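I am attaching a structure below and will ask some questions about it afterwards.
Chain nomenclature is as follows: A, B, C and D, assigned in order of appearance, with residue numbering initiated at 1 for each chain independently.
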């Protein structure tokens, strides 16, 4: 059984996912595309020699009987409308982050899905599918380090351009840590705080960089998360979980070891696109496989998208206030209990 | 365009490749299977819910108009016949090692392919598709370490069963190093020698273990290859290339770092099956992609299969003689020049 | 020229220093000892076959014409009196931490030394003499990582006994980071804050463990310091400095690498006494060498002892308040400017 | 009790040892010096402000009643005469390598010492005192890796000058491995073989570089030793012991870890003088301590010096013959049994 997929938004990430599904993965087929720029949609069909129809807009694409599932890869502000329409039509939805640009928007999606009664939506938080994070998760779940007490992590980019603003450190960058960390420790956030170390001379005048976010969970785990988007030296994702019996740490990206010019070293990635390639493959493969085998996607849920939005809001508030800000989620709907927190087979 | 594939031999590795092509990769479809045990062939069809016909033998499968390419995953002694029949029928052939059980058999295949005039055959030496080896290859080709002078490598298994014999250290184990190392340095072997260190108490009475094979290339590169198949501690593949300007070394398998019980460590794989999973995926994906895009497979050639056979013969001879034994290949046919030594896009 | 040394306090650390000076180092000689328990003092003389006189108390020892320098290794509350007497008598003083048990006490010593007009006192903060910290210092001073922006460090012990209290995490444990970190970045502390992660089950009921202290410097450097004294897995000192151009990190303690039982690892020290052995040797050797060559000790000053006391007080206050607490030092006396921040030749 | 030491040869290494004993170590005093260049001897006295007499030659220095022990740091061809005279006079002797320039010369020394009836001589093979090798030794002796089966090691220098000849790769470079490896595994050499990989373009025209020496022990352990004295990238000493239950490897020299410019790395030493600084200190301290506490030096013996000479001769022969060459030691005198193979307290 092949999942027939319609793609809404054929920009860079949309085309990447089309390439994946068409050339690398199995079980899915792109049968429909649309884009606000219809030429772009046509170009994508041509580029990948798709046997796919070009639709004028998301509504008509979603309405098509030929479409089983939609991939929402348009720009952020357009996500909510497509996801809502997808749920209404009973179609599966894979939506790139953000699920919606506001917590309220995410909650509307949650409520629509709850009303539908079964899971349809998966949010594109791919880190849960990274083998390093999956090893961390497994170690924690197996109690290899006992109860987790603290997490130290860092999200570093070599540089960002001038349009990157202080709040984007939360909404575009930390957002991945926000999702993956609560999944990692099976806990919810309680409060957040932001501090600003000395600013790097490489940051643009309007940008606070680096930043340090402290998140505390309901269970008391203290998370120290550094965001440093002009670190110059490389794209580097660090995560270390300190437990009662020991510590586990994300592996460095495997890279050949060299001895040259008085240095013993390995290479660090410079481009974020190279870091989670396997995870992108796996999240989409899991989306397709889970629908085939269980009838529901099993990856990050609409509720996870809502958690990310609420937590990011609290962090942005804390950027300004300098104070602890509470993260208030409300009660988790029945639909998202028990089923949750599954990554995928390693 | 989907490559229609017939599988000859539905044992463990045959079924693994069927699973890969069906569930993980794109561009190929299993349309035919056969096995000396026809029940096994039928069971494979059922297990993977294939839309594939079961043939009584390799000849009828190869003759089928529906089959574009064959996957030879029968037991070793049966390979040559299937490959020869495939070439005669002008079908693409992916053959697991060994290409044939003798150097003469490999040469017959080479000659048949040369006569055919275009490449049809790829041998299942998957290490060239491992990202670690590809990084080594790239570093060497880019002259990152200048001219390579020496290689040190090790092939270690935690244990083998009693049926494993001294010569299998060459024909089953070292065979992978034999293939990948000459590819790595773009050179041919000139002579080999075997030495026996102190024997481990964990080896069965008839088995010399460990062994150390020294291979010298035409260009003078000296290769020291340890084979240790009862090393107990893990499945471990090491390779270090020492050049005029520096050294490069295969990365350790990425594994989370832990601190626990007075140890700072990572896990070593115990099962060889976990080591080259990605490489297996990539070799088959490249086989299918190359046929689609260039009309010929671009991976290890029949000539590479022949090199492996001739070199292994010299090593086995050296096991007995204790002397340097020459590796004599004869002239490389035009068909295999220039085209060669390509791995695949990382 | 041999420095004639009198030891005040022949407990464990006193005897360790006697052993060092007598058996490992050159340029010094123990000529006098005293202890509140005079039998202990006599036993030390015997144990190391010293040619040394036993004095009834610190005053008489300090008054002895035969004594050039004193080593204050009595219990903490007795330090201040001995140091003050030493300064009054114009003797060199090597005082184990704390210089005095209160910031006021430290300030009195500072004022006495300032009045004396030359440096006499060195405080036993040995980390500055550790080759790892010295490499960090050199990298920072050479601008290898540009301007330092953040520091992440951890001080972990496998376990502590029941008498260890929450404030001792500051006064006995973090005290070493407090000293070494401001030296490392040539900066002064501005404020501190303490947070409590989830408590480990291995801590006694009255102890908050782990703790996370945030220190901000005058220059804006943000320091995140974890104290975890029941971490079980080992004695582990971590320090990482994040700068504008890169990051430097304390080397792991050199330990042989093993592959065994599916693990690739090294050993972590379990006993803190093994961690800074070389640094203890070097601090005392530098004390003796500096006096010989420059007439003044060049290691951590009385002012550094005062900084440690004031900063520790602020941290202890912050443990209770949960708030940012200011670190207020007052003006640094002329005596301690310029000369400062020297470790020792690596 | 202070050991009164006379130094024969005040060249670079002689002065280094004088500095050590005078400024870094305890228990010894330089009371006499001599050099073929008497001005050099006087200059050394002045440089270190020694309270030492300058003697016209080794004989008169050795004859002095004031001298307990001699340090032989003259040029190699002069060693034997001084050592023999020292033994005759019943003085302790610390002799830099080589003990004598020929195996016969070493044997004469052995016989003289045996005749004397007690150990007087220690040879300056400092690697046994390196903490890395001592950890290896301890792991082997504790059977952490079971029975050792193979050793892989490398001795690499960034470069050598034009006067360095092919045989010096054995007599000046490998000589350290020759000593330390048989000590490490408590075994004797049986045969050696030399192979020449492709030559580096950085070697002078007359020099074979790199070289690979294979040594086999009486117990069957196979040692693969690479010598590469123009490796460019650094001074690098590698040693890995492969045993029945696992592998242990010399730690890399501790150096801070950095992340910069797309690299994750540490620094490799460029100068051999920095590599074994601690080991030089320890070997001399042990020489002095052992004499004080046991009446005999406990480090590498005259017999060890003889083993090194005989083995080096076999290697040089093998460089020319390309064949296995036997290492024939004759019977080990009673004096060197049992007492042997002790390193020193770590």
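Observations on the structure shown:
Quick note on the criterion: contacts are C-beta pairs under 8 Å (C-beta built on N, C-alpha and C of every residue); 3 or more make two chains touch, one makes a residue touch a chain.
These figures come from a predicted structure and were not determined experimentally.
Path length between chain B and chain D in the chain contact graph, taken as the least number of steps between touching chains: 1.
By residue number, over half of the touching pairs seen at A-C are also found at B-D, the match among A-B, C-D or B-D.
Ranking all chains by how far their C-alpha centres lie from the centre of chain D, first place goes to A. Our note on geometry: chain C versus chain D, Cα centroid distance of 37 Å, whole angstroms. For the pair chain B and chain C, the distance between mean C-alpha positions equals 58 Å.
Across the assembly, chain D contributes residues 232-233, 245-247, 252, 259-261, 266 that each touch 2 or more other chains. Interface of chain A with chain B (complex): residues 22-27, 131-132, 135-136, 139, 144-145, 245-261, 266, 285, 289. Remark: chain A residues 146-150, 152, 195-202, 210, 212, 214, 219-222, 224, 226, 228, 231-233, 242, 244-247 touch chain C in the complex.
Note for the complex: chain D touches chain A at residues 232-234, 236, 252, 259-270.
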